[in-house]
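In what comes next, chain A is part of two complexes: it sits with chain B in the first one and with chain C in the second one.
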Partner chain A sequence: MAGLKTQNAITLKGSTKLVTEFFNYGINSILYQRGIYPPESFTRVQDYGLTLLVSTDEQLKEYINNVITQIREWLMNMTVQKLVVVVKSVHTNEVMERWQFDIECDKTVTADTKRNKSEKEIKEGIKSVIRQITASVTFLPLLETACSFDILVYTDKDLDVPESWGESGPHFVVNSEEVRLRSFTTTIHKVDAMVTYKKTD
Partner chain B sequence: MAQFTLENELNSALRMDAPLTRVAPMGYQRKALNDSECNASLNISLKTPKKNANKSFSGSKTPSNSASGSSKKTPKSGGKLGTPGNRTRTPGGDRFIPNRSTSQFNLGHYKHMMEQKGPDESEALLSPSEKEYKRVMNENLNGDLMSSKILSFKAKAPSAPESFNSNLRVLYSSSKTASTTKKAMRQVPQVPERILDAPDIMDDYYLNLLDWSVTNNLAVCLGGAVYLWNGTTGTITQLMGMDNDDEYIGAVSWVKEGNYLAVGTSTGEVQLWDVVEQKRLRNMAGHSARVSSLSWNSFILSSGSRSGNIHHHDVRVPQHHVATLAGHSQEVCGLRWSPDGKFLASGGNDNILNIWSAQFNNLPEDNQPLHVFSQHQAAVKALSWCPWQPGVLASGGGTADRQICFWNCNTGTHLSSVDAKSQVCSLLWSKEHKELISSHGFAQNQLTIWKYPSMTKVADLTGHTARVLHMAMSPDGTTVVSAGADETLRLWKCFEVDDQKKKVQKSVNKDSSKSFRRAMIR
Partner chain C sequence: MDDETMDNTAVIRMKRELDAYLSDPASIVTNVFRESRPRTSLFFQNDLTKTPDVVDPRRERFDNIGSNKRDKDEMICAKPFTLNTSDLEIKRVRLDLEKEVEILKEEKRVLAEKYTGLQIKLKFVCENEESLKEQLKVTESDFANYKSSQEEKLRLGQRTRWRLEDALKESSRKISDQNLKINELQQLQSNRPNVEAVAAQRQLEIHRDQLKIMSSQIEELEKFKDQALQGEVKIRELENQLAKHEDELLITRVCKSKLDTVPELEKQRDRLIEENNELKVNERNFMKLEEEFEGLQKKLARSEERVHELNQLDIDNEEMRQIKQRCKLCGSSETQSRASMLKQISDLKATHLKQLEEQGELSSRLRRSENQLLEFQTKYQTTQEKLNSTNTNCQKQADFIKRLQKKLLLTTKEKEGYKRIIESYESEVTLNVANPGIDRAQQLEDIVQSYKRHCETLETENNQQLEQIADLKQKCQHHQSGDTMSMIEIPNVSKTSDLDVIAELKEKIINLETLLKQTQTEKYNLECIIEQSHLQGNYDPTKTKIVHFTMNPAAKAQQQREQDLEALRSENEKLRGRINILENTKGECVEDLTLRVEEKLQNPSPNKQVEDMKAQVRKEELRNRRLMEAFKKTSQEFRNVCCQLLGYKIDITGNSQYRLTSVYSESVHDHLIFQQSSAGDIQLMDTEFSQTVQDLIDIYLVKQDSVPAFLSSVCLDLFGRQTMNLG
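The block that comes next holds the complex of A and B.
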C-alpha cells in the first residue's frame, strides 16, 4: 500500500530530479538537433520511451553537469525562474536562437509536501516537449555559420551568486520570431518551453 | 513743467524700452499663458527680422548707425499700430518696420516655448499611468531585471571542433533535388534504336529465350537453334541447333564471365557451350521434362523444369546434379539468383513465388524455401533483383494477375504492388536510374518504364504488335532488347545517361543516401 502511494505522489525532491533530468536531455537534444556539435559525438539513450541523443564529449558533459547541479539546488530552493539556452554565432557573436524554459515554482511546497501526480503522467508531458524539440528542425532556419551555446539562468533578485557564476545580459534575438512549445508540470514545478529564432527574410 | 518734461522724457525712455521690458518678463511668466501667443509672436517678430533689417540697410549704404536703435523702436510702433504691413512698402528713412509675412511665427513660438519648458520638466510631474508605462517599457527592453538576476556559468561550454561543419544543410537542401526536376530532364526515345528479325521465335510465355552477355553477345533462341548477335560488330552466328525438328530450346543463360552459355532444351537436357570455340562442353541430363528457365550463381547452374523441379548443377564436377528443389507443382518459368548470390527466386505456373537460400542439401525433402509468396494470381515468370537494394525482388504475374510486386527477401515481407493492367512477361531494373522496365502483352504489347519506389510511369514504349515475351539488358545498362511474339527483336536505348548528368546524379545520390542515413538516425 505504501509502495503504491509513493508511486502516485510526488515530492519536491522527486520533482527536482525529474525537471533536472528533463533539462539534461533537453539541452543535449538542442545541441544535437541544431548541429552545434558533430553528430558523431552523441550516443543514443533510451528514456521516456524515446531514443535520445546525449553527448559523449567529456568537456561538454562536465559543463552541462555543472550547470545542472547548480540548477538542482535552485530548484530545491525555488529560486530559479528561467533557464535559457542561447545559440550564438561564433564569428559575429550574434544571437541566433534562444530556447527559453520558464519555471514556475510552487513556493508553498516544503520538503515534506506530497502531491498526487504519477511519474508516468509527468514523463508523458516531458516526452511531448522533447518530441517537439526534435521536431523543431522542420521550422527552424538553417544555422549557416558555426555556432556556440550558452546557458543563462534567471533567479530571484535576492539570491547570492555562487562564485563560479556571473551576471549576464538577457541575450535577446534581434528581429525574432517565436514559437511556443508544450509545457509540463510536476504540480511543484511547471516548465513552459519556447523558442525564439532570427527571422529569415 | 520741468518736472513734467523730465517725467515725459523718463516716460519716453521707458517707453523705448517698453517692448523689451514687457516682452522679457512675458517670456518667463509661463504660467500666465492666456495671451502668450500674441506676446510670443511679438517677441519673435522682434528677433528675426532684426537680421534682415541690418542686412538691407548695409546693402543700401544708407547711414544707419541708428539701425539697431530704431529697430528697438519698431516693434513698439508695430505692436501699437498693428498695421506694419502697409509701412514696409514705403520704408521711411531710418525706420525699420518688420515684415510680418516673412517671419515664421509658429516656428519661433515653438522654439521659444521649448526652451522655456526644458528645466521645468521633472519626474514628479508624470502621472502614475505614465510612470507605469515607463516601468513596463524598461522591463521590456531590459528583460525583467527588476525581479530577477540573469546568471550564467563563468566557464563556458567547449566549442565545437574547428573542422566541424554542420551538415544539417542536407536537410534543407535535399528537397531541391526533387525527382520531378530529374524526371523532367529525362528523355526516353519512343522509337526503338534498331529492329532485328527473329523468325520462328516460340510464342510461349513459359520460356526464357533471350540473354545478353558481358562480352556483348546476345543469345536468341529461334525454335531449335541458338543464334548469337554481336552487339559491337552486328555479326550473327549460329551457335547450335537441335537435331530433330520437333525439339526446341527452352532457355538460355550466360555465365557471369560471358564465355559459356547454358542452354536448356525441350528434351530435359542442360547443355554448356563454349562460344569462342563454338563447341559443346557438357551435356547435363536429369530433368524429366523440358527445361524452361536457367540461372547462374558462379559455378552453380540452376535449371527449372516443366516438372516443377529445380536442379542445381555444379558444372565443375562429374556428378553435376548436386541438389533438387521441389517447391513447385507446375512448370518453373522464372528463375533468378540475386546479384549477391544469397537468394534464388523461382516462380512457377502454380502461381507460387519461392525464395531459396544458397545453402542446399542433397536430399530434395531437406530443401525447403525460405519464403513462399502466394500473392500472385497467375504464373510468375517476370523476376528481377534490385541492383542497389540487396534482397529486394520485383516479380510480375501473368494474365490473370497483372501485378508487379516488390518483396524484401531478407525479412520475407511484401513491400508494395502495382497493377500493370496487362500480363507481365518480363522485368528488368535499370542500373543507372532508380527505375525498372516491364514488358507486357495484350492490349498494348508495350514496355513500361516505372520510377521506383513511387511506381509512377516514366514512359510507355510501344511498337511490338504481339506480346513482348522476353527482355535483356546490354552490359553497359543503357539498352534494353525486347523479343516479341511478332518475331522481332527491338533495341531500346531507354536508360541512356550522358557523362555530365551521370556525375551530377552520382553526387546527388551520395547526398540523398546521406540524408537518408540521417533521417534514420533522427
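The block that comes next holds the complex of A and C.
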C-alpha cells in the first residue's frame, strides 16, 4: 500500500527533474509544431496524459540532451533566469519566433527543503502549458522559409560556463507581437511561458 | 698314366665347365629375377609377352645343363672323393632354383590375369575413342558446312555491296553526265562562240570545283552549326545558372545589408534602454517633485496667510492715508503753518508706527491666542481625560465606601454577636474564664474603631476628590466657553480669506487630481512598455548574460549554407571562365573546356601576377620609406637630445671614428676624434684641439682612464672660457 501513496512533498532535485522534463518535451513540441524538422523524424510518446512527439534525429537528440543536462545543473544552482527557443530563418538569419520560458527560482530553497505540492498537481500545470504550445499553431504565422533553431539561456552574469557554451545576443524579433502563455510552478521553480513572433503585414 | 692324365684333364675341363656354369646361370637367374621385379605394370605388358620365350630357352638350358650334370655326376661319382662337396652345393642350388621357378610361375599367372583385365580395358577405351572420333568427324563436317554457308553469305553480302557501290558510281556518273548534258544544252541554247564556251566550261569547272569545296564547307558549316547550337544551348543553361547565381548573390547582399543593420538596431536598443533608464529616473524625479510640490503648497498656504495679513495691513494703511488726507484737508482749510503740518505728519507717522506696532502686537497676540487656543485645546483634552479618570476613581471609591460600609455593618453585627456570646459566656462561665473574652472584645472594638477612622479618612478623601472634580468641571466649562469665544473670534477674522484659499486649494486639488490621473496613465503605459520589453526578452546586461551552445542547429545550418554559397560562388567563377573561353573562341570547337577553365582559375593571367607583385613591391617600398623616415626622425631627435644634455655633437666619420664637437667650442675645427677599437675600447685621436687640452688628457685619460670625466672637464673648460668672454 505504501507504494501506491502519492508523493505530496517536492524537493529541489525533484523540481529540477520535472522542469527539465518539461523543457525536453516543450522544445520537441515546438520543433514538431513549427515544422522545423520533418514530421516523420518524430515518434509518439505518452506522458502527462498527452500524446507527445519526440524527435528521433540522433544529432538533434544529442544537442537537446547536452542543453538539458547543463540546464539541470543551473536549475540546481538557481542561476538560470530564462530559457529561450529562437526560431531563425536559415536564408536571412532573421529571428522569426522566440519562445521564452522565464524561470523564477526560490533561492531560499536548499537540497533538503521539502515543499508541499503533489507531483500530479505540477504535472497538470505542465500539461496545460504544453497544450497551449500545441494550440498556438492556430494563431502563429506560417513559417514560409526553411528555419533552424537555437536555445539561449539567460544566466547570472558571474556564472562560469563550459567551453562548449558561448555568449550570445538576445535575438530579438523585429516588429514583433507578443502572447503570454500559461505558467506552472513547482513552488521551487516557477516557469512562465510566452511567445514572440514576427508581425505579418 | 695317359688315361689318368686324360681323366685328369677331363675332370679338370668338366670342373671348369661346372665352374663356368655355376658362375654363369646363377648370374642369369638373378638378373632375370632382378629385372622383372622393379618394373611397373605398364612395362609388364611387353615383358609378359616376352618372358615365356625368355624363360623357356633358359629351362632348356637348365635341362641340358642338368642332363650334362647328371652325366658328369655319373662321371664325378666315379671319382667321389673329388666331387662330394661340389655335388652337394649343386643340389642345394638346384633346389633353390626350382623354388624360384615356382614363384616366377605364380607371378607369371598373376601378371597374365592382369594383362587380360588390362586388355579388356584397352578394348573399352579403344571403343570409346572410336566413338569420339566418329563424333569429331561429324562435328567437323557440320562446322565445315556452317563455315561454307557463312562464307557464301559473306560473299553474297560483298557482292551486293559491290553491286550497290557500282550502282552508286553509275548513278554519280549518270548525274555528272546529266550535268554535262545540261551544260551542253545550255551551251547550245546560248549559241555562243566555242572559245567562250570553252572559257565558260573552264569557269564552270572552276565553279564546280568551288561548288565541291563549298559543299564540303557547307557540310563542315553544318557540323559547326550543330556544335554552335549545342554551344548555345549550353550557354543558355549557363546563363540561366548565372541568373540564378546573380539572384542568390542579390539575396546574399540583402542578407548582408540586413546584417549590417544589426549593429544599428543594437545601438537603437541601447538607446531605448538608456531612454528607459531615463524614464525611470524621470519617474523617480517626478515623485520627488510631487513631494516638493506638496511642501511648496504648504509653503504657499503659509505665504498666502501672510499675504492676507499684508492685505489687512494695506487696508489699515489705506485708512491711515485717508485719515492723513483728511488731516491734510483740515490743514488746508485751517491754513496752518508748515511746521504744524510737519508735526502733524510726524505725529501721524508716529501714530502709523504705533498702529503698525499695534498691528504687529495684534498679529502676535493673534498667534499667541492661536497657540493658547491649541494649548487650551490640549489642556482641555488632558483635563477631560483627567476628569474621566477622576470620575472613574470616584466611582471606584464610592464602590469601595459601599463595600466598607457593608463590612462595617458586618463587623457591627459580628461585634454584636460576639457581645452576645460574651454575655452568654459571662452568664455561664466564671469570672476567671471571662478575661480572654473581654480582651477579645476590646481588640475587636479597637478594630472597629480603626475601621471607623479609615472610613472617615476615606470619606474626607472622597469629599476632596469630589471638590476637585467640581473645580475641574468648572475649569472645563470655563475653557469650553473660552474656546467657543476664540472659535467665534477667529472665524470672524479669517472667514472671507479662508473661503478664497479654500477655493484656490480646491482648484489646486482638481489640478492635482488630473495630474495624478495623467501620471497614473503614464505609469500604466510605462508598465505596459516594460511588460512588452520583458516579453520581447529584454534583460539587464549588468546582471544577466545570455549563453548558448556554440554548435547549435542554427549555427550548423548557417555554416552549411555558407559552404553551399562558397561552392556556388566557385562554380559561378568556373562557369564565368567557361563563358569567357567560349566567347574568346567565338563559336569554335574547344576541347577540354573544363580543364582549361581550371587551369585558368589556378593560374591567373601573368599580367595579373605581375601587377600583384608590383603592388606588393610598392607596398614594401612604402613601408621601408616610412620606416626610414621614422628612424631618421627618431635618430635626429636622439642626437639633438644627446647634444643638449651632454654638450657634444657626435658625428660618425667612418672607420668607427667618432667626431665630438662641443656646443661651447670657439670654432668649428675645435673637435675631438675618438676611435673605437675592435675590442670595444675607445681611444682619443690626435687633433689640433686635443693638443690644447693636453693637461686634461693627462689628468683624466692617462691617470684616471675616464673618457666621460675628460669630456665633462673639456666641456666645463670651454663653458668657462665662453662665459669669461661673455663677461
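Rule of thumb we're sticking to: the second predicted complex is superposed on the first by the 195 of 201 C-alpha atoms of A that agree within 3 Å, B and C clash if a C-alpha of one lies under 4 Å from a C-alpha of the other, contacts with A are read in each partner's own complex, and residues count from 1 in each chain.
Here, contacts are C-beta pairs under 8 Å (C-beta built on N, C-alpha and C of every residue); 3 or more make two chains touch, one makes a residue touch a chain.
For clarity, every value in this text was computed on a predicted model and none was experimentally measured.
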Given the alignment on chain A, is it a clash or a fit between chain B and chain C?
clash
Pick one for A:R98: touches chain B only (first), chain C only (second), both, or neither.
second
On the A-aligned overlay, A:M76 touches which partner chain: chain B = first, chain C = second, or both, or neither?
neither
Would you sort A:T134 into first (chain B), second (chain C), both or neither based on which partner it touches?
first
So in the superposed three-chain picture, is A:L50 touching just chain B, just chain C, both, or none of them (first/second/both/neither)?
neither
So, A:L142: does it touch chain B (first), chain C (second), both, or neither?
first
Output check: A:A9 vs chain B and chain C. Expected answer is one of first, second, both, neither. What do you get?
neither
Taking the superposition on A as described, I'd like to know which of chain B and chain C A:P38 touches: first, second, both or neither.
first
Now that the structures are stacked on chain A, which of 128-136, 200-208, 254-262 or 290-298 shows chain B clashing with chain C?
128-136
What part of chain A is shared between its chain B contacts and its chain C contacts?
59-60, 63, 66-67, 70, 81-82, 90, 146, 148-157, 159, 161, 164-170, 172
Residues of chain A touching chain B in the complex:
34-39, 57, 59-60, 63-64, 66-67, 70, 81-82, 90, 134, 137, 142-143, 146-157, 159, 161, 164-170, 172
Taking the complex as given, what residues does chain B use to touch chain A?
142-161, 164-169, 171-172, 518, 521-522
Give every residue of chain A touching chain C within the complex, in rising order.
59-60, 63, 66-67, 70, 81-82, 84, 86, 88, 90-94, 98, 100, 146, 148-157, 159, 161, 164-174, 176, 178, 180, 194, 196
Which of the residues in chain C end up touching chain A in this complex?
251, 254-255, 258-259, 265-266, 269, 532, 535-539, 542-558, 561
